[in-house]
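Here come two complexes built around chain A, the first alongside chain B, the second alongside chain C.
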Partner chain A sequence: MEHHSEISHNRYNVLIEFAHIHLEFQRPELESVLSLHDIAIGRDCIEVPLPSSIPTVENYRPFLILSFDYHYAKEKFNLDDDGYVIQSDMSRFSKIDRTKPTIASVLSRCTLIRSAIELWGAGPSFDSCVEHARQLSSGCAGRITLENCMKLSSSWKITIHTLGTKFNREEQNDMRMKFAFFNLPGKVQMVNPTNEFLLIREVELDPKGTPLSQERDNFLSPPLAVYYGRVLGGIRDWRGNGRLDQFSLKKRSYLGPTSMDAELSLIMTNLGLVRNGSFCFDPFVGTGSILLTCGLRGGYCVGTDIDIRVLRGRSDEENVLSNFKQFRLNRPDLIRSDNALYHRHYRMNKPIYDVIVTDPPYGIRAGARKSGTKEEKIRAIPEDRRHDHIAQTKVYPVSDVMGDLLDVSARTLVMGGRLVYIIPSMRDFDVEKDLPNHECLEIAHVCYQPLQTELGRRVVVMKKVKEYDPSLRESYLSSVWINGPESAEKCANIRERLLEAAKLKPGYEEKAAYRKKRRQITREEKKKQRAKHV
Partner chain B sequence: MRLLTHNYLQSNVKGTEKGYPLTIEPTKIEYEESPIDMEFVENILTKIDYSALLSARNQIEDRCHSDLGSDFIVPSLPEVMPKRYSDGNSKDDKIEEDETNQEAFLKSIHTILFDIHVLEGHLVCPDTGRRFNIKMGIPNMILHEDEI
Partner chain C sequence: MRLLTHNTLRNNSAEANGKGYPLKISAVEVRVDDASEVGTDSEREIAFVKGILDMLDWKILVKAAAELGLNTLPPTLNENLVNDDNFLRALYHVLMNVHLVKGMLTCPDTGREFPVTDGTVDFTMEEDECENVRY
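Here is the complex of A and B:
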């Protein structure tokens, strides 16, 4: 009898299914969200290895099993009431419930989780899953779990989730019947039952998340694993039905070329542990897309930028503030200032920020500037011109952008506070040596998001672990780059480097000539159109 | 610009000795009520410069009267912050503060720090008189080339 004995029915087990994107972000986001409730994997719960019909699975599996000691789970969570339904997208941002939240309310804060089920059975095959489920009531946790579903008034249904394989209705019903031994007294109800059970037939996925072909010589390959359990949160797919669309860029009144995609900023604010009452700061606020997400999570938001045009937006209806207004949030405080001079603009006696979250300017879509002029001799501004004078700015090298960002963070974050930033990376990037450092900050996570074959970006999360000593500022700044400022160059000027790299590829010249020709044709077309309308 | 933000701004022109706190000269003020988070307010109190807050409050009072109507009263603040907040050791405080007084104090602080917005005006350096303007609620702290 195949019996996955590691998933004990004496414990409370939860199977998490992730969406198949942002793979490197999934665990860090989950760990961060759990820590908002003071839950640590390894200390308060354990991760159980997934059952598997193949000894080594090379591809990513978007599942994770968390196992809780039953008494801990009963103390910590409200296990009885899972009427918590993710009714609106705003539920993702609800206040942290410190008193007995449901597991769904804890986990649904994770952008990347598709669903979570109370695990009743699991195994490397269909039969072993059924067998394991049969043992449910033999464990102290399982027994109570089952009892909770035995009410006559609780309607239910079983949904079958098979990846990549279609089964006809008869086959599906056969699968359902295998679990009939539970003898649930309530009636089967297809629409909005009290309890929805999920039977998952996991198969191996390719790197893009597409199921590998399941048929070989007309035989259906066996599944990788099979799971059965009760859906938590009342909804099978937490990400479905356009639940994230509400915050998508398409809906916002003010966008710019640097606006962060909504999903990534949702993840970043989780990695930063933004919650109600968090004091959040974005030193390169731009159009405010990341700050907006902080606001949605209940944070008090402050943003600075050197560029007044971006801060003021295009009009009264299209600016950073209008985005906040659109979502009925308190307005953020914005300041036009230069992060390179932060230590001079702001009195810094006590650290104030809980989270600093930002997408620093790298010269890809918006070049970085700082105060000052590249001219040798600085001319004094005549008194009568001073009021309207638009100060010059000069190029702000990436190595300094990052050095200043880390130094400001080290100084202004509270102990344990987090800095979350994005850094573009080409493939030749050594996480150990090419990331900026600061004595007062420790790296908590680095997550890579591939964008093209050559280019991706990394989200880096740092924690403040040591108090800042202002007298050591110069020393801190000089040790930011282990390999010297050349490391910073790896992030800088990526557009130019991409072009260089592209030029080296075969067929580049033909493609360039082709594109040029097309542009010419388009220009001529437009000319003709205009001539017509005159 | 909220008074909380003002509490942190200073003038940084080259050669400035004491560019803090900046004097507020408001020409347009707005009031926007927001929900109070008591814990957040208590937390913030340990980080602000109270005397700077007091003077800021006094500086905006007249403009509040003209812009927000005679019904609006800017809450008054005690000369000295209640001890339990200034030390940051609110737990082991032997002075028995009246609960209602405490709550009233926190509410006043909340209104003054968060709900009053200076939309237009100037921030003036107490040392050099250098003026930083505020437009659309955004203070402009950018220095000219010869001030860096």
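Here is the complex of A and C:
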């Protein structure tokens, strides 16, 4: 009989369903979160290939099956998993767990996971899934799983998840009845049952995540795969539960033009392995959105920025600190300084940071600034003017921003500590050659997020693997770019490149002329207004 | 600015000749956090302090604490203290809950001053101080 022999009932199997967003980030985020619990795919669990009714599926499938040795799973996790484990108050979320965590509490930290189920049956077709489920108690893990469920279950229900295909009530009931052989005790309860079972009928998705058309000549296409299992964490869809809401940009008291979407900073702190008690640093703190997320995960935060206006915020109620206060977190220490001059202000005798997470300035929205004048001759500022003088800043080429960032990270991260940064890049980009390098740092992940057709951003995760030697600073800095100025160019000056690309588009001349005219009109209006009030 | 942060700061200018620390603190306004404002998690605090203990310059810390009006730290560390949870929690409080809100940091070698306003240290360099730092 054809059923998926790799999904063995002698092992404890978990099916993970991802959201269809930030595709390149999903596995790195999952691996990072697992590593926080010292779990490595390949070493402590294995990834089992998904069953499939089609030999080669080109499009992305939002599912992943992790298979654990049962004894390992029993040792590592609390497998009873009843009730809600996803706490909405994240500021107290990650206490160091003395007791064993549940699988749901481990996995729910991944922002890109929708749900996890304890897999009872799976196959490339409905019947093969049922058949596989019938075999559940034939395996040692499956038998215990079923026994435990029999003991605990006082109420249950089966939810059917059919990814875009509609089935009427009768058809749905038929599907449910196929699993009646389990003979679960207790009653069916639609609202808040003790156990929720999920029957998933997977179909192929297009690149945007929409199910491909399922009907051809009035016949329903067969599913890609069918899964059946018990929902972990007590909630069918973690993302739909409003978990991210409290961090949504709308709720924060202070936002700036570069505050990035809350979801991306949550993912970045996962990639950086921020945990309760981590010492976190953001050298380009801006409005503090990333640092705030570090704080929410229990980190101690330090941020620097050269722009006093951003650090001060708009008022006493709207600044970086008010965001932290809003969530009852320790205030971050903020220092106004130029990252290019890090070595001028800090002792750096010993590495201190566990994580450096940042969104460096790259000249598209916020301009990057570095201290120093544009003029050739430098005049000393008279003593009495010093404290209020706002030194001129000059443009800080992106290639230098990255070089300094890597060097400061290499120097101040503890061994194994992580640097997570964002870099804008065109889709066409050689990850091997065009990213900045440092002898002391090794790339762990690179994830691309498309923003426009050709432009997107990459989140790069590096870890410190070698101790920093201060006498080699110049050599480190001069070998940041493998292909020299060419690679730096690909990351730098994106604004110019966007401008050039726009110029080539038809209608650019007319649009530019129109915009110029409108600006002139606005200026004249303003002049008139001012003249009136004088 | 916390005492932990102050411990890492220096004025590493050419004139200071490789020293430039500890920065002397003249405090105008100091604030001490009330534990109830931020919540306490002693396990986490102790773990954190143990982690950074290695990196602290104890003499600098004692002097800086005194400049902020705190004279309770012992002049040196020893084995017993480092393993005493109560001491570590008290140390956490000194390092993390005491904030210099307004004041001045002065370089002991050159006299250069760095203002602290609203708890934020200002290290902006003037044009003539920005020596060419690359290569």
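Following the convention adopted for this analysis, the second predicted complex is superposed on the first by the 490 of 534 C-alpha atoms of A that agree within 3 Å, B and C clash if a C-alpha of one lies under 4 Å from a C-alpha of the other, contacts with A are read in each partner's own complex, and residues count from 1 in each chain.
As a working rule, a contact is a pair of C-beta atoms (placed from the backbone, for glycine too) under 8 Å apart; a residue touches a chain by one contact, two chains touch by 3 or more.
These numbers were taken from a predicted model, which means no experiment stands behind them.
A.B. asks: Both complexes share chain A, so when I overlay them there, do chain B and chain C fit or clash?
C.D. replies: They clash: once the shared chain is superposed, the two partners overlap in space.
A.B. asks: Would you check which partner chain A:D400 touches, where first means chain B only, second means chain C only, and both and neither mean what they say?
C.D. replies: Only chain C is touched by A:D400; chain B is not.
A.B. asks: Given the superposition on chain A, which partner contacts more residues in chain A: chain B or chain C?
C.D. replies: Ranking chain B and chain C by residues of chain A touched puts C first.
A.B. asks: So, A:I308: does it touch chain B (first), chain C (second), both, or neither?
C.D. replies: both
A.B. asks: In the superposed arrangement, which partner chain does A:R328 touch: chain B (first), chain C (second), both, or neither?
C.D. replies: second
A.B. asks: For A:E474 in the superposed arrangement: first (chain B), second (chain C), both or neither?
C.D. replies: Second partner only, chain C.
A.B. asks: Looking at the overlay, does A:R518 come into contact with chain B only (first), chain C only (second), both, or neither?
C.D. replies: After superposing on A, A:R518 lies clear of both chain B and chain C.
A.B. asks: Hey, what residues of chain A end up touching chain B and chain C alike?
C.D. replies: After superposing on chain A, chain A residues 276-277, 279, 300, 302, 306, 308, 311-312, 321, 330-331, 333-338, 341, 344-352, 371-373, 378-381, 386, 389, 391-392 contact both chain B and chain C.
A.B. asks: Residues of chain B touching chain A in their complex?
C.D. replies: 1-2, 4-5, 7-10, 12, 20, 32, 34, 37, 39-40, 43-44, 46-47, 49, 114, 117, 135-146, 148
A.B. asks: Please give the residue numbers of chain A that touch chain B in the complex, ascending.
C.D. replies: Of all residues in chain A, those touching chain B are 276-277, 279, 300, 302, 306, 308, 311-312, 321, 330-331, 333-338, 341, 344-352, 371-373, 378-381, 386, 389, 391-392.
A.B. asks: Within their complex, state which residues of chain C touch chain A.
C.D. replies: Checking each residue of chain C against chain A gives 1-2, 4-5, 7-13, 21, 33, 37-39, 41, 43-44, 47-48, 51-52, 54-55, 57, 96, 99, 113, 115, 118-128, 130, 133-135.
A.B. asks: Once bound in the complex, which stretches of chain A touch chain C?
C.D. replies: Against chain C, chain A makes touches at 92, 95-96, 276-277, 279, 298, 300, 302, 306, 308, 311-312, 321, 328-331, 333-338, 340-341, 343-352, 371-373, 375, 378-381, 386-387, 389-392, 400, 474, 477-478.
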